[in-house]
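In what follows, a structure is listed as structure tokens, so that the remarks can point back to it.
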Amino acid sequence: MKSPFVKDLAADQVITGFFLVQEKEVRNTNTGKPYLRMELGDRSGSVEARMWEQFEACAKTVNRDDFVKVHARVEIYRNKPQLSLQQFRLAKPEEIDLADFLAHTPFDVEEMYRQLLSDAEGIKNPWLQKLVLKILRNPEIEVRYKRAPAAKVMHHAYLGGLLEHVVGLCGLAKLVALHYPELDVDLLLTAAMLHDVGKLDELCYERSVSYTTEGQLLGHIVMELETVAKAMEEIEGFPAKLKAVVQHILISHHGQYEFGSPKLPMIREALVFHYLDDMDSKVAAVRSAMTIESGEEQWSAYSGALGRKFLRLERYLASEPDNATKKEAKN
Amino acid sequence: MKSPFVKDLAADQVITGFFLVQEKEVRNTNTGKPYLRMELGDRSGSVEARMWEQFEACAKTVNRDDFVKVHARVEIYRNKPQLSLQQFRLAKPEEIDLADFLAHTPFDVEEMYRQLLSDAEGIKNPWLQKLVLKILRNPEIEVRYKRAPAAKVMHHAYLGGLLEHVVGLCGLAKLVALHYPELDVDLLLTAAMLHDVGKLDELCYERSVSYTTEGQLLGHIVMELETVAKAMEEIEGFPAKLKAVVQHILISHHGQYEFGSPKLPMIREALVFHYLDDMDSKVAAVRSAMTIESGEEQWSAYSGALGRKFLRLERYLASEPDNATKKEAKN
Amino acid sequence: MKSPFVKDLAADQVITGFFLVQEKEVRNTNTGKPYLRMELGDRSGSVEARMWEQFEACAKTVNRDDFVKVHARVEIYRNKPQLSLQQFRLAKPEEIDLADFLAHTPFDVEEMYRQLLSDAEGIKNPWLQKLVLKILRNPEIEVRYKRAPAAKVMHHAYLGGLLEHVVGLCGLAKLVALHYPELDVDLLLTAAMLHDVGKLDELCYERSVSYTTEGQLLGHIVMELETVAKAMEEIEGFPAKLKAVVQHILISHHGQYEFGSPKLPMIREALVFHYLDDMDSKVAAVRSAMTIESGEEQWSAYSGALGRKFLRLERYLASEPDNATKKEAKN
Amino acid sequence: MKSPFVKDLAADQVITGFFLVQEKEVRNTNTGKPYLRMELGDRSGSVEARMWEQFEACAKTVNRDDFVKVHARVEIYRNKPQLSLQQFRLAKPEEIDLADFLAHTPFDVEEMYRQLLSDAEGIKNPWLQKLVLKILRNPEIEVRYKRAPAAKVMHHAYLGGLLEHVVGLCGLAKLVALHYPELDVDLLLTAAMLHDVGKLDELCYERSVSYTTEGQLLGHIVMELETVAKAMEEIEGFPAKLKAVVQHILISHHGQYEFGSPKLPMIREALVFHYLDDMDSKVAAVRSAMTIESGEEQWSAYSGALGRKFLRLERYLASEPDNATKKEAKN
Amino acid sequence: MKSPFVKDLAADQVITGFFLVQEKEVRNTNTGKPYLRMELGDRSGSVEARMWEQFEACAKTVNRDDFVKVHARVEIYRNKPQLSLQQFRLAKPEEIDLADFLAHTPFDVEEMYRQLLSDAEGIKNPWLQKLVLKILRNPEIEVRYKRAPAAKVMHHAYLGGLLEHVVGLCGLAKLVALHYPELDVDLLLTAAMLHDVGKLDELCYERSVSYTTEGQLLGHIVMELETVAKAMEEIEGFPAKLKAVVQHILISHHGQYEFGSPKLPMIREALVFHYLDDMDSKVAAVRSAMTIESGEEQWSAYSGALGRKFLRLERYLASEPDNATKKEAKN
Amino acid sequence: MKSPFVKDLAADQVITGFFLVQEKEVRNTNTGKPYLRMELGDRSGSVEARMWEQFEACAKTVNRDDFVKVHARVEIYRNKPQLSLQQFRLAKPEEIDLADFLAHTPFDVEEMYRQLLSDAEGIKNPWLQKLVLKILRNPEIEVRYKRAPAAKVMHHAYLGGLLEHVVGLCGLAKLVALHYPELDVDLLLTAAMLHDVGKLDELCYERSVSYTTEGQLLGHIVMELETVAKAMEEIEGFPAKLKAVVQHILISHHGQYEFGSPKLPMIREALVFHYLDDMDSKVAAVRSAMTIESGEEQWSAYSGALGRKFLRLERYLASEPDNATKKEAKN
């Protein structure tokens, strides 16, 4: 793991370390003297950096989104640390572990992928099994499936988050199919495995999570339609009606038009899958809001994805009666 | 079981049987001669009945929502059967089995209630266990819990439907709590068991399902708040904060203001329970729409609860290619 | 043209003619005697038909959506004509001109298609020209493009309506591109030609206009995405970015999520095309509402597509002052 | 008062009376013989009328919305009365009292208008007083102000209803201005008197209540803007800013865009007046729903204006406990 | 009254006074030297305070929401006053008058409460009278009723605001009941007195106004349901139907689902009370926006509660014609 | 053209120039010394200005929205230029060219107005021609029509923008009327010329664009109704029905209630005009967003009017494959 992380920078330290260039510009002081200003970051936060002398040569070689190796002194300006750069250069690819710059799932990615393949092999419908295995065993897809986040902000917004979400959904799908015997578990598993495949291309998660231009123009639902259609075409004899069923489940999984589903679920499994996907995303969003201290003892941070904050149940149940109650008690 | 049912009436039959009076009025023929017209029904449907002579005495003794024993001849008028009444009287309570007049759950009510009590006993939090058992073992509540439908129209709209829905939710809750270790299964089970207790009073399901006046003025959420609050008060030392938690889960279980929840779920278990309750209701609504033939081979009847019809997956997958496809094949 | 049309049936006529079977069932009279009841139709309307004797053999050979040749007498029942069938048989394909059964565009379909191809040839961007010509010159597509309606109810809901709508949009696109020099007319024309290609498969318009099962599950936007993607793939070297641009214009052409566009227009031409398509559909819907007499002299029929009725401008301007005004005038 | 009213027609009666022609058409019997069919009405209801012989001459002289004098026999057909016409002619204006054909306010119109003028004279701001008196004393306006309904369906939907509504609002305005000393009662009274003046022209209430074509194209807010602007112009020196204030109150009185107010209330008196107007309309709508028996003992008829039914408080409080309660009591 | 208030602090003053600690933290200077930073406030505003030397002992004894007595010098930093603390200690309860720290109603709270009790005694329905007196004469409730604000931000957001709002509503209710004879004034008064009783517990208004955790989980409607239900239970023989009526009025008083009413008003008095409550809140919100100078001469501050600003009528009417008008005048 | 513009100010320059006073206040330094602070602007941006000595006399003579002539030195403070004023005075009207302070249309205003008059003269309906010429040839209106922006923010938000928008709409109207022969081009042209005439008074665009008080109270639709009604009245014999038609088109041109149209388009030309007006505004909003560099190479700035950003088509098509694509290519 890299050292130091932004969150650990301490005054007057002299450091050598690696950071991602998030902003870069040349500015002038009040007296008109130019200097280099950069915003450097890693997965723990970001910090201002300035270089006052002889920065021109270095500055030309790096751009936004590049990784740099810096030699600098930590100063405190307006109560915040700032790097006074003495030297820096473009980092070499082999010096960088991307995981230091983007948060990642706490689970073992390889293990999760094995689990996913095992679930895929458990699909009994031969067409669906062939379809998901064709996609999951495509090495290009596999590499990215193991790295993609499930979203930029809303839920599972870290490397490996998509895989974590999908493996979770497969588990849920199997439980729920036990509960409702009328459901076809093969369709639910297929939905879980393919419903966000378009995110592999909708999002760009090389160095930070953002949307690709194609992702913004088309969205992951439309993008995965094509990926899945191609895979189906390559499977000789894939039944046309089953194809329409799978496509319907994919395009309807957001459950409502305003969330970008051009059709509402009209197949039982599509309806149930929409609930599972939605619930799992929301549970993950709560989990994420819970990790942040909001300043209110009994409440999580405000979750933008959910439009509200959540009660910290244990703390609340363990807390002293609050003012209102105290008062009542006294009277 | 009663005999004959409305759906089995055949032309020229002379029958003796029991029916529910759904409408009753005295009308005049074109020549001004009065006659009695009633709409008689049972759980299989309804039929027009007329009595032309000496109906006055009988007519006085019965009202809408009474059960009657009739002696009549089946005639066919405008291609539909009609009863020509020869005699009728108020039925005696012991002659009537309510189940003949209202549809009921296909599952064994006693068995389901035992399952419910067993789940309740499995709750580990002693306060929550006491609370739900206090309510479920109240004989007045038990009698009605075994009979109540879950709704008038939307889902599980038959005798015992509420119990079927609740037992299903308990099963789901236990599965989902396995999946998400951060969830408190005791709260989920408590939510399942209490979230619709207000329906015991919101609905009137003596002879047909309708809303009581209080049910219309207050709704089941407000009604069950009071039932549950009373039970809590009777449990000495029930913790005030746990009370607020349970109340919050009850009032937020519809998940949205426009569905009558005065608060949105702000506790993890409240959020998850909302999803489970909503999903189970919708799955039941699909199931119910699937039992009705719509005239479109590949589609269920239109579900008012869901605002759409659902694909009959097996029939669709087994069907011949449709016109469009046939055409394509030919070319 | 066929003769007679339903709207021309006169009492006591004995006719021989062709009709589409819209409903078919065997019923019983009050006395229990079975008879055949059918609903027969053509593009001018529909009529009840009954056959009282020896219908069993004939009845077996025909089904809903078949064409029949009937020999019948026109009777009047409850002030409406009814056919008393003497004989009927399945019609032979060569006896039927589909245009007699479905309304069609008043314009010459062949002429419109020539116009369309000529507009396509006028596209200067070589990739876009290849793309649209590949699709428009596909004989399978051409046959259906010349026949498809633009919708089941909303606008251009008749055979050839889609082509009429598209040719109109090409004309509008060229005018508007003249007006706004920043617009790329090639993209607008491509959008016009391809934006409803999915309707060739979404709708079923062999004998009456309805939705195919696939059409209901996927919708024309998703269906045409695949058609267009395949055509692009078959054009070697079709630029990936241009592909994303065309796909974006297709998926965003409904302009709003709730109308089934999974993305809002984010390209200038996509925005303008959305306006043109929407305006042309609405103008056509007004035109169609204007053809129906509503009983209110100064107003069109109520247009479901627009949610209101429209003023008949000429009649209104030519009318006498109405009551309110008359009154004012007198005082 | 006219006699008989539709609601009093009895079988086999021979009557002579006056009715409004609501529909008129010539039809054919099954045997092709033509006859005249009309729908005749008065304020108590409507009835079918037929004339079988020698109706051609009479029929030519009357049209929809004409009043006729008829001589007829009352027959009963399908359990409903029907008029068999022997003779009829166009009624003379002096034979008709419009009040027999349209419901009217139970209050004395002349008395209410005197009250209105007296309130107007009580306005202290000289410009506002001049303005409202100029309008209320305009004889053309006065005649129609005494007759206009406040709406076609929603509230005060009878002759004189508008005046009743306005006089009520003036009373409310004076009470509320006492309560909130910061309010300018003159502005509230002006608003009450002018806010629906456009309805004099928006509605047509000669013989039945409907919308004029101009009313549909412009709406009463726009129509009264012009009436009021003209009156202001004729008052020399009317302050421009006071004019804008009055206009703002008029255009914002519906309180929301979707109810046709192009601006939301941004003046204190505009806000309060909106509440008073809305509340008075809704109270009147409840009152009207309460006059109709719905078949449910404890509930009013469903009010379309309010989207719900209302509890009959007295009946409810006086009622026996309902089934649900009875049950509880027994146990 | 305390002295000085924050708004009166002047440069170079040396002061001794009492403040509420709104924030407290220890920070480091750029050179790493720790200092204490607090935000101190009273009802007139808030001010930054810093203590540079020997603050550790004092700092330990105070927390957020404590009152402190400070000895300090007023300095100006970046054009704003700042306190340089020399000494401070926790204030003693008897040194503090809460009214100095929270804004309060301009009216006499005791006088208003007497008025409220007198209105309660004027209720003729014996059950309703007993009910409201039981609640209003409960000493615990009385103490808090005299202090509670009506809201945190929206309207009457100051100590005693709730009482002011309720007394105002009682006055309005009596006026409006005079106007509409069909209204039961006893129900309206009961509604006014009880509809916000839940706010006594929903809000926390010891030192500043905020929501209690229970208030956030349940809301005042649900909270007051329980308070009122308990009071009813303690009144022997309180009629069950009257209870449902009162409960309905309470739960429906927000008038719309999205404002947290689980039922819409279905009783006449519930409907009218909703209008009165809504109008009084909005009038108060306008009043409050009017007290703030927005920088725009003719307009109030923007009211978040109303989503707009309001015209200052007097200033507008008295103003010079604005530019646009001036211009016109010149031409 | 004035010199220098704010955007051209360079450090240490000594300048003499003209600016608009956007803010003015007297502040105190930390040591209590008063100084003058102003915000000065022109159409290229705004700059802080301070005067430290002897500013009292000057300061009294100028106010917000005045133009001033300043003599100052450009200093750099916190990396931004700031004016250190040495002297300033009120500018004389003849020294100021308003166009230097507000952005203006790139087109020749006189030429556009000639085009507009020529289009007006081309209207064949004599009443409509008289109407628009009466308005357009009114010298007071003409002066302002040549200067008014079309909006404060949304589209064509610069001097002459309204005229540019209207001339564009006339051009579009003529093209579209060619395309749809059922449209009356005279009505479309009249709509284009009059639909925003109210903006001449709704907006205030003397020195910066803002809303007049009347504009906020009434809005341009209501304001132009009066202008147009007056013009019609002055044309003897202007047909009442044509007046209603024109008024309807004006009030419905926003197309939806929530955008302030009290009626939806119910005339064919009103519907089409709404589309043209909406499309032209949106195309202009895109154009304006395209002129701003957003920092994202391939995207325009975010357009508040449209709620999204737009693709820069040329740059996108010419760009290197992005990361996602690069990756794919490599594998």
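Which chain is which? They are A, B, C, D, E and F, in the order written, and residues in each are numbered from 1.
Note that contacts are C-beta pairs under 8 Å (C-beta built on N, C-alpha and C of every residue); 3 or more make two chains touch, one makes a residue touch a chain.
Please read these numbers as outputs of a predicted model, since none were measured by experiment.
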Chains touching both chain B and chain F, listed by label: A, C, D, E
Most distant chain from chain B, judged by the mean position of its C-alpha atoms: F
Type of chain B:chain E copy interface by residue overlap (half), same or different: same
Comparison of A-E and D-E (more C-beta pairs in contact): D-E
Most remote chain, CA-based centroid, reference being chain D: A
Centroid distance [mean C-alpha coordinates] between chain C and chain B, Å: 42
Per-residue overlap in chain B, given as positions that touch at least 2 other chains: 213-214, 217, 245, 248, 266-267, 311, 316, 325
Chain-level touch network, classified as line, ring, star, complete or other: other
Every chain pair in contact, whichever chains are involved: A-B, A-C, A-E, A-F, B-C, B-D, B-E, C-D, C-F, D-E, D-F, E-F
Chain E - residues contacting chain B, complex: 213-214, 216-219, 221-222, 225-226, 229, 244-245, 247-248, 251, 257-263, 266-267
Parts of chain C lying in touch with chain B, wherever the complex brings them together: 27-32, 139-140, 143-144, 201, 204, 206, 212-215, 217
Touch list for chain A against partner chain B, complex: 168, 171-172, 175-176, 178-180, 182, 184, 239-242, 245, 248, 264, 266-269, 271-272, 275, 278-279, 282-283, 286-287, 308-311, 313, 316-317, 319, 321, 325
Residues of chain F that touch chain A when the two form their complex: 11-12, 75-79, 298-299, 311, 316, 322-325, 327-328, 331
